[in-house]
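Okay, got some structures for you below.
Next, two complexes with chain A in common: one pairs it with chain B, the other with chain C.
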Partner chain A sequence: ATLVRVQRGGSPSAQTEGKLTLLCDAKTDGSFLVHHFLSFYLKANCKVCLVALIQSFSHYNIVGQKLGVSLTAARERGQLVVLEGLKSGVDVFFRPREEPHPLQFLREANAGDLQPLYAFVRDALQPVDSGEAAWRCPVLLVDDLSVLLSLGVGPVAVLDFVHYCRATVCQEWKGNVVCLVHDSGDTEDEESDVLLNGLSHQSHLILRAEGLATGFCKDVHGQLRILWRRPLQPTTHRDRSLTYQYKIQDKSVSFFAKGMSPAVL
Partner chain B sequence: MAVAGTSGTGTRSTGSMVAAASTNNVTSFQRRGPRASGADSGCSRLVSIAGTRRSVRNGQLLVSTGLPALDQFLGGGLAVGTVLLIEEDKYNIYSPLLFNYFLAEGIVSGHALLVASAKEDPADILQKLPAPLIDHSYKKECDEDICGHKMESDIKMKIAWRYQLFPKMEGRPVLSSGFGHDYDISKRIPQELIETSKWHGFFLPEKISSTFNVESCSLTSGYMKLLQFIQNIIYEEGFDGSNPQKKQKNILRIGIQNLGSPLWGDDICCAENCDASHSLTKFLYILRALLRTSLSACIITVPTHLIQNKAVIARVTNLSDTVVGLESFIGSEKETNPLYKDYHGLIHIRQIPRLNNLIYDISDVKDLAFKLKKKLFTIEVRENFYV
Partner chain C sequence: AGPGAPAAQLRQPPGGSPPPPGGGTGAPSGRRGCREGHGAGGSQSHPRRGESPAERGAGGQAWAARGGPHGRGVAPTASPRLRAEADSVEWEGRSLLKALVKKSALRGEQVHVLGCEVSEEEFREGFDSNINSRLVYHDLFRDPLSWSKPGKALPGGPLEALRALDKRTVSGPATIALDSLSWLLHHLPCPTLCQTLHALSRQDSCPGDTPPGEQVRVLGLLHEELHGPGPLGALSSLAQTEVTLSGMMGQASAQILCRRPRQRPTHQTQWFSILPDFSLELQAEPPLESQPRSDPHTPSVDPTTHLTFNLHLSKKEREAKDSLTLPFQFSSEKQQALLRPGLGQATSHIFYEPDAYDDLDQEDPDDDLDV
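And then the complex of A and B:
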């Protein structure tokens, strides 16, 4: 099964817009989820803003090609806006300018808030009524939020940023927001825990990639837990959740029920 | 430009199309294939840089760590544009060896070096590098093989790269196009090799005494100065593609010793809740940014055993690409354990990056041990461990 079918299979009344999806990884690398959502939304003709903080654009581009989308083409036709954190980070760090820059917190001794970053997102996804080919809903994709903590931004500031993005992208423009956060596990990273818990409560959908408890395995790379939530509403029924195991391949990820890996059967 | 998205090395590198418009089109993350940008003096095939090779899995440009055995467990080598973090062993006996192998490999391959240390003068570090093993019976063959046959010898190397694990050497180590060499750590590197190499040194006590006023940006001034130094070298020497009229492309190997130790002005090794807690992580982020946008590869050694804050170690790991931990048996209970009697310590490969790929090259072998012999640092798979 592919991730798209797995995702849809969960909620029968799937309203696909205005949602915050939280991607989370614990003791493993969950970046394959980011690549999936990126190609998924581009193929669905949505306008996407990718805040790529830890890898270069060409990395996403090359993986995107394997998944069947061309990021450079999407960028050229205006469907995709990318903030290359690494490239513009070097820019703002060594050649500071007067005007606000989305990553200006890199230069600050005490990183304040992420207002300029929010402004960038807002300007990037602002719906234009110029009569040209209208994209479907706007989507914000952030890879990843945990690195902001390493750069001196406090967890509350990050939560504020997500809140502002949700208010604008999800509520006002009926778009989606997808963020990746690392679960720091037992490393007693308080800031990371605050961020993860805060986001979990706000999310409609949580995809959590975990390494197997028994350690590394060649045929099963990890486990994916999917949790459908209805945040901020009294839950009359329980949140639905499903667990799959997965194996990442060169151009796709295959999912199977626990213990049903083709290698085992 | 419609891309069918099918695999194969024939896929056009769309990255180069866009990049031609901007000044920066030097990144190692490009597929092998015809380059439309023509920045490479019209060569229809990517001109290979000495001492590098392409990964068989995804065409990623790799350099050798200096230890062919370690290259093998890292998926073929260290990817250009990435950071190799070595978690120092407790008494810092073995990690300098890996550091030195990396630098020696750079000299032998003709790469430029940037050596940074807060403890030891880089000139002294270079003096102590191991000597490459040269097999003289191949010397004559190689003298005939220069330049005109360089392409062919590249092809030969690609097919037979596994055989580089055996001590076979070109007779002209400075212009060696081989990948991965063997070294004799009981001998010092010949002086003339150091002199003909291009290296830059950053010795913190010298730099910090200058009165140059540095803005803090929440980095310790040592880190700030080092970043500026690195950025300067990359820009001036054109490793980021900013001087396209420069001659042949080359790799810059950066080596930073004991990062995070108090000698750098950082206190993460001293206190659990330290003041400069974001200094090192911010440094690593900017370092990653500099590496990703240039033809360079970096090795850093960090005394992680001294860092008390586990969260910081996790963050440092996340901001590095490849992470290798060294655990020596000295002073531990394992020293007298008969299971470990043949070895001096363990090597833990904690992280391997996924670059331009959903998957990564990871060998199945997880239990590695090392032994320091008189002339060689060997890495072996622990076979007889399981009962």
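And then the complex of A and C:
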């Protein structure tokens, strides 16, 4: 089963618009989900803003090419706006102080709030009423939010940033927001827990990639738990959660039910 | 302690009028840690009992007492105190909050919602127009921190918005729903929030002003995992009723802790479910031994298909398998054979072929032992 089918919808439809999807990983690397969503939304003709704080643009481009999209071409035609954290983080220090910069908090003694970053996102995804071909819903992808905690931003400030993105991108413009966050697991990281739980309460859909409890396996790279958190109608808990195991291959990810990996049968 | 002694700083109602003679205004006695307040009707002349006139005649009926597990419906408390609802990521509490809001609205009360976490559209979803007309949504979702250029924010920020829900806006029998207390706790210092909540729930504490039926109920939604024990403890001490949501096997339950004035706290567990139109249905406890039914949506997968080896048996193979006697099975034939050894059974032979390197020594190596 491909991840797209698993999410009950092959393309962004009215039912899946205006949603905050939380990607979370524990004891494994969940960035394959970010690449999936990036290529998925680009192929679906959506306007995408990628806040890339972890990897360089060329990394996403290379993986994107394997998944069938060209990020450079998307950027050139205006479909994709990328904030490269690694590059522009250095620019903050070489610019005059008066010019606002999305990563302004790096410069401040007590990292305040993420309003400049929100302003960047808002300007990037603002629907423009021009004659050109309209993109489908705007999409914000953040990779990832946990690094902001390491950079000194408080968890409440990150939650506020996501709140504003949700209010503007999801509620006002009926777009989608996808964020990756890391679960610190057993390490007693209070800030990370507050961030993860706070985001979980705000999200509509949570995709949680976990490493296998028994350790590393060559054929099954981990398991994916899917939790629908804010259904439109209150339903029973059981209908809202699914678990699959997966294996990451060169150009795709294959999903199968627990224990049903072709390699172990 | 005489009537004038305990918790002097809390005795003043927000309006600033002096306390009446012969009794306090129901200020909680901080020293004893329990709530002062008399529910049984106005003996205001008694000097020792601090009364909350808002509770006078209310009968102190707690939420749990009337509703109960008998499924007759939820009767909310008539006290103006706070009811805190604690949820978690697994068991979300907004549906229950909406169900309680719906109940209040159906009783003809006005409901004021201070919405911080969801948009007005999303909160009103699922309510019919009857309920929506009684619902006033104070929007702290769109622009709570005044980040937007053309300011869509409520003036004064979150604190002022909370304080504005006082007597000037909210009058008569009404319910204030705070969605959510967690958001407010993150953005306001805990003492400020507690003081404001306390003032909110005691607004009609002027004696004689409000008849007992017209009281303000405050409901708050709190996400348990987001806060440490300090703020959680502070909020729960303010609340008269605390509802903690959890569940088992798809069925939601609520642990209800009710602190009535001058009575021991009562603890009760209530299983419930919320219907799509946000009506609350109370249920009996599910049996502990119930088997999880197989999910009808996922077809069961046969693991013996698509294999490179054959796991199935044909009919002939099955018959041959069933008729086979196992070598070490002690059947009656074997027993008979053993009891008559000489009959046609050769004794066992050992055939030994020594090879070139074997050293066959016929002597007994133990001969030289002096045993």
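The rule is simple: the second predicted complex is superposed on the first by the 245 of 265 C-alpha atoms of A that agree within 3 Å, B and C clash if a C-alpha of one lies under 4 Å from a C-alpha of the other, contacts with A are read in each partner's own complex, and residues count from 1 in each chain.
Just so it is clear, a residue touches a chain if its C-beta (ideal position, glycine included) is under 8 Å from a C-beta of that chain, and two chains touch if they have at least 3 such contacts.
Bear in mind that the values here come from a model prediction, so they are computed numbers and not experimental data.
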So, after the overlay on chain A, do chain B and chain C clash or fit? They fit
Given the touch rule stated above, what does A:Ser58 touch, chain B (first), chain C (second), both, or neither? first
Tell me which partner A:Lys43 touches in the superposition: chain B (first), chain C (second), both or neither.
neither
With chain A at the vertex, the Cα centres of chain B and chain C span an angle in degrees (to nearest 10) of 120
In this superposition, the partner of chain A with more touched residues, chain B or chain C, is B
Quiz item: Touching A:Arg77 in the superposition: chain B (first), chain C (second), both, neither?
Solution: neither
Query raised in the report: Which of the two partners, first being chain B and second being chain C, lies in contact with A:Val147: first, second, both, or neither?
Result: first
Review point. Where does A:Lys258 make contact in the superposed view: on chain B (first), on chain C (second), on both, or on neither?
Key: neither
Across the superposed arrangement, the tightest C-alpha approach of chain B to chain C, in Å, is 17
The shared contact residues of chain A with chain B and chain C are 190
Interface with chain B, chain A side, in the complex: residues 29, 31-32, 35, 54-59, 61-63, 65-70, 72-73, 75-76, 85-87, 89-90, 93-94, 106-111, 146-147, 149-152, 182, 184, 186-192, 216, 218, 248-253
The chain B residues in contact with chain A across the complex are 1-3, 5, 7, 11, 14-15, 17-18, 24, 27, 29-31, 81, 215-218, 227-228, 231, 278, 281-282, 284-286, 288-290, 292-293, 310-311, 313-315, 318-319, 354-359, 364, 366
Per the touch rule, the chain C residues reaching chain A in their complex are 89-92, 94-95, 117, 119, 121-122, 125-126, 141-145, 147, 182, 186-187, 223, 225-226, 228, 247, 249-252, 273-276, 278, 295, 298, 301, 303, 306-307
Per the touch rule, the chain A residues reaching chain C in their complex are 113, 115, 118-119, 156, 159-160, 163-164, 167, 171, 190, 193-194, 197-198, 200-202, 229-230, 232-234, 236-238, 257, 260, 262, 265
